[in-house]
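Right after this note come the structures.
Next come two complexes built around chain A: one with chain B, the other with chain C.
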Partner chain A sequence: MKKHPQLLSLFAFIALIIFVVVPFVPLILSSVSFSWRWPDVLPESWSFRAWEYVLNDGRTWQAVGISLWIALIVTAVNILLALPAANALVRYSVRGRWLFEAIIFAPIIIPPFISVMGIHLTFLRLGLTETVLGVVLAHIAPTLPYMFRAVMISYQTLSADWEDQARMLGARALPRFFHVVLPHLLPGILAGASLSVLISLSQYLITFIIGAGQVVTLPILLFPFVSGGDPGIASAYSLLYAAIAIAALVGMDAALKRYYQLNKAPQDSGKGVKP
Partner chain B sequence: MSDLRIIDIEKRYQAVQPKNDASFMLRPVRLSIREGEFFSLLGPSGCGKTTLLKLVAGLLKADGGEIWVGDKNLTNVPPESRQFAMVFQQSLLFPHKTIEDNVAFGLKMQKVGKKQRLKAAHDMLEHVGLNEFGSRFPDELSGGQQQRVALARALVANPRVLLMDEPFSALDPGLREEMRELLSRIQKDFRVTVLFVTHDRDEAFALSDRIAVMSEGQLRQVGSARELYERPETTAVASFLGLRNILSGALKNGRFVSSDGMIEADVAKQLADGDYFMVIRPEAIKAAEDDQLGHVPVKGIVEEMKYGRGMYSLKVNTGNQLLECVVTTPQAEETAVGEPISLLVDMQKVWFLKE
Partner chain C sequence: MWRKSKPYLLLLPAAATIILLFFGGIFDGLLKSFGYFPAIGETELNLAAYDRLLHSASFWESMELTLRVAALSSLLSAVIGALIAVALFFLNESTKTTSPKAWHRLFQLPLTIPHLVAGYIVVLLFTQSGFVSRILAAFGWIDGITDFPVLVNDPFGWGIVLTYAWKEAPFVALMLYPVLSRIHGSWREVSRVFGAGDWQFIREIVVPAIMPAWAIATFIVFVFTFSAFEVPYLLGVTYPSVLPVYSYQLYTSGTLSDRPEALAVNMILAAITILLGLVAYYFSKRWNVLKGWG
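Presenting the complex of A and B:
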């Protein structure tokens, strides 16, 4: 009986290797090969040509910057939209609640391409195409559902008693939000933010249509190399993209941990100061 | 004087209904609670006592009536500005704040300086016997300690009225008694007005100066514990207070005859003729053979014997009626379940009710 969990973890480990690590191997090999043609198992010659191209090209770092900048703004806007929406839908008996939820969750089910075609026409008239603002607005549709869902679930686990207690201690609306509601929602907000950042980073089609090639994010830069260009450079871009996505996730996680540590800090210093 | 006055406050169900009796969650309540008084709302769950408490707090909006403290009308003042404090059934300590910061929270909201409010929090923690726990986090404390912190947090800002919603019902019995003593002591130290909601009559009796018995969204009777127990106004109040020996019958020319014919006796009090309920407290019955003046003999068969706190409580079947009475241990040793027993009812201690 005791061997069972070990066997299970072995399977999990093998699955991890096959599905997560193995796909990276050809990507890495391809990015450092000079030419790698079928039926060679390994590239015949090596070179850092692709990496030199990718890392030295000024456009790369500009694209990384714009990608992160857009992801960040999109996430911030999502938080501002999702908090009141979740608050209203969870706390108040809204008539036709299912309709509001359906509208917010629709982009998960309906392909974003459909809505973007309509948005594109409107943005053309408003002059929002080819601008970062336009791309940010267009990115909100596919990312907001994830943020909203995470925040809504956090709200559902927050009993109204907490806020009532804060009120009875004299806390007005703003202090109530910052001292009671926000700390409770923070893990949910962070989960939603991670998804929002990742999904925004990975948008190609929407960015391409609204940005019209003028707003160059990393996927826009990457795509031509994938579809028939240079597989070596495409591999290098893909790896760079993965690294940035992972860095964004780890960074946000570290920020949350730091926040909790800062809040716990008075405990340690308090012990020594006690008279 | 800043008495808390509740003037005809009422609450209806949210659903829009034609104005009938069933639409009331709480029928108009009029109460005046003196400054420094310990006042309890006692009733079964769903009787509207928590609704009344939340109306006083302002957490629920009343459909009519007013709340006054002294000469200030607080009816339209939001709860955060009423300077009331409240302790809930759960301690509801903010989990990401230390005990000290939790206790100081009310003062922080009043923008009291950090040094001053931490000192006040420290003093208050000392009152509840937790001065060494200031730098800990709530999840490191036991349930009873958490509730003591909640009490300290409620009192630190010197509230006009302390509202308590069954604060000890989640604690185990021993701890509950300890908390009652602590609350009683602190209430006297701070001379704070307390409005206390409970469904536990022992708790209400042990703590309160006055008690209001509620049922079905209505205030039934207000009085001290002894008044309520010895002179209940309705059978509903009597049975909620644990008085189960209630005999219906008729009074004619100073003589009461119960409808089941179990008791027929002269009544000492001056009462008009008519139908009455006679309430016999368990303490008004004793097990004895020989007749005594002012006592009425009753015979029956012991149906149940239970031991509790030095006395036996007996249920005696007298034909149509079960009588509850308490007897001393030696008396109980002379009888057993199924045995006949002779009882005497002290007519000085019985109480008559119209409804």
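Presenting the complex of A and C:
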């Protein structure tokens, strides 16, 4: 076992590459192929026809915009709902805590489409179907538990003493929140936000039921192509969709790092002056 | 008064939103599954939809397919996930040049890929004229398209299983890896002092250490695949279909009389997932697997 660590790690490396990277190869090849008949492992001729179609179609960018817009509103609402709730559950003794946790975490276990199919006719009567607002409301339940959990973990490491200290030094409620509590919670909020954005972006069924084909997010636009449409265009759309999901995650991460760099700078210079 | 009710007021917006939007929807569906449709003058509650459903062959076939697909997906993810975790473990042990974080990012990639895209990747890989079939043909192992088995849009559900195995194995690995990395090299040395061989070390130390997390991760994948819609909708066949797709087919079939049945399927699904969720929660609490989950 320990005799060939180099060989073993090389083997592990190759296996990981095959598992993670190779599945993307046909997707990429198919998006830039012109004709790709069966026994050929590589396409006969290449073309950017599919990418031109996807990137020049106005519907693509409209769908990207609407998907991100919905994800953004959902995430903002989640932050506003999760912050006070997590605060209450972590820092106060709440009677019936298990009940509140069960309520808020329920959408992780019970698939949200069950609720959405049930509420569909009520939404229809209220005029919420075929609207962005309706879709936003449908996306809140499946995403809120993840935001709530992330913020709760951050609150668990925030000592009440820090706030008491700020209070002693004369900070009022709002400055206390913005200068003491919020900076500490930010990594948790961003972790929750990435999950919230990712889950909102990947909803097909509940968006389709409530949006009724009128609110065209990326998965709605993609579906007819992947279920038997032009493989080149389907592949290009799939890659774009995956890239946006990954970019949303990487973007959040980068934002957090940038925030820390900006906040670190004055401290460092302060240290330099001290001695 | 304020001091006592403050936490409840803070909890109110989140709890009320979930109760209204989520449980409200489930309750709405429950009423309609009992045949309560005031819009068309039906205000009497009855169990007709459940009765029809439990006596229909297509429901039970759908149930069988759902259980099979969920069981195979979770078992395959469990095996591949454990292999990934072990592979990562060895990579981090032997390579000091690259930071471990880069590896973690790479193997988590399938987790971030949307389900529809993952499903389409499996279509391109495993259809009869897909990429795997082309590679086999290039090696001369198969001679025609029809020599390759039907793995996508097949009645058994292989395409769905393959998609979930790819997407959920990193999740299993993510749950296992922290446990695995807690097994120090010193444990290996201690076990050798007591005369244990490699195989004994794995059987007596490694497996018992990772077992609880492994079981819970597999179970979570099972519950998730049991109630997921997108992948079976894309990669399954019209009949038999998994329960969520079956419910959707009934709901959109056009006749209003099928809707109570669709919602009855949903209620049965909800009941099963709640039950499975409670089991998972009970054991994870007992084995202390999901730290930070409350």
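By definition in this document, the second predicted complex is superposed on the first by the 246 of 275 C-alpha atoms of A that agree within 3 Å, B and C clash if a C-alpha of one lies under 4 Å from a C-alpha of the other, contacts with A are read in each partner's own complex, and residues count from 1 in each chain.
The working rule: a contact is a pair of C-beta atoms (placed from the backbone, for glycine too) under 8 Å apart; a residue touches a chain by one contact, two chains touch by 3 or more.
Because the structure is predicted, anything quoted here is derived from the model rather than measured.
Once the two complexes are overlaid through chain A, chain B and chain C fit side by side, free of any clash as defined at the top of the document.
When chain A is checked against chain B and against chain C, the one touching more of its residues turns out to be C.
Shared-chain residue A:L16: touches chain C; no touch with chain B. Chain B and chain C, viewed from the C-alpha centre of chain A in the overlaid structures, lie at an angle of 100 degrees when rounded to the nearest 10.
Look at A:T122: by the touch rule set out above, it reaches chain C but stays clear of chain B.
By the touch criterion defined above, A:F113 reaches chain C but does not reach chain B. Of the two partner chains, neither chain B nor chain C is touched by A:L55.
Contacts of A:W162 after superposition on the shared chain: chain B is touched, whereas chain C is not. Within the superposed three-chain model, A:V180 lies in touch with chain B and out of touch with chain C [touch as defined at top].
Judged by the touch definition given at the top, the superposed model places A:A171 against chain B, while chain C stays out of reach. With both structures placed on the common chain, the touch criterion links A:A254 to neither chain B nor chain C.
Superposed on chain A, the gap between chain B and chain C at their nearest CA atoms measures out to 10 angstrom in whole units. Interface of chain A with chain C (complex): residues 1, 5-6, 8-9, 12-13, 15-16, 19-21, 23-27, 29-30, 38-41, 80-82, 84-85, 87-89, 91-94, 100-101, 103-119, 121-122, 137-138, 140-141, 144, 148-149, 152-153, 156, 198, 201-202, 204-205, 219, 222-223, 226-227, 231, 234-235, 238, 241-242, 245-246, 249. Of all residues in chain C, those touching chain A in their complex are 6-8, 10-11, 13-15, 17-19, 21-30, 32, 39, 80, 83-84, 86-88, 90-91, 93-95, 103, 106-107, 109-110, 112-117, 119-125, 129-131, 133-135, 137-138, 145, 166, 169, 198, 223, 227-230, 233-234, 244, 247-248, 251, 262-263, 266-267, 269-270, 273-274, 276-277, 292-294. Interface of chain A with chain B (complex): residues 161-162, 164-172, 175, 179-180, 183, 260, 263-264, 266-267, 270-271, 274. The touching residues of chain B, counted against chain A in their complex, run 57, 59, 78-81, 83-86, 88, 90, 92, 94-98, 100-101, 105-106, 109-110, 134-137, 153-154, 157, 163.
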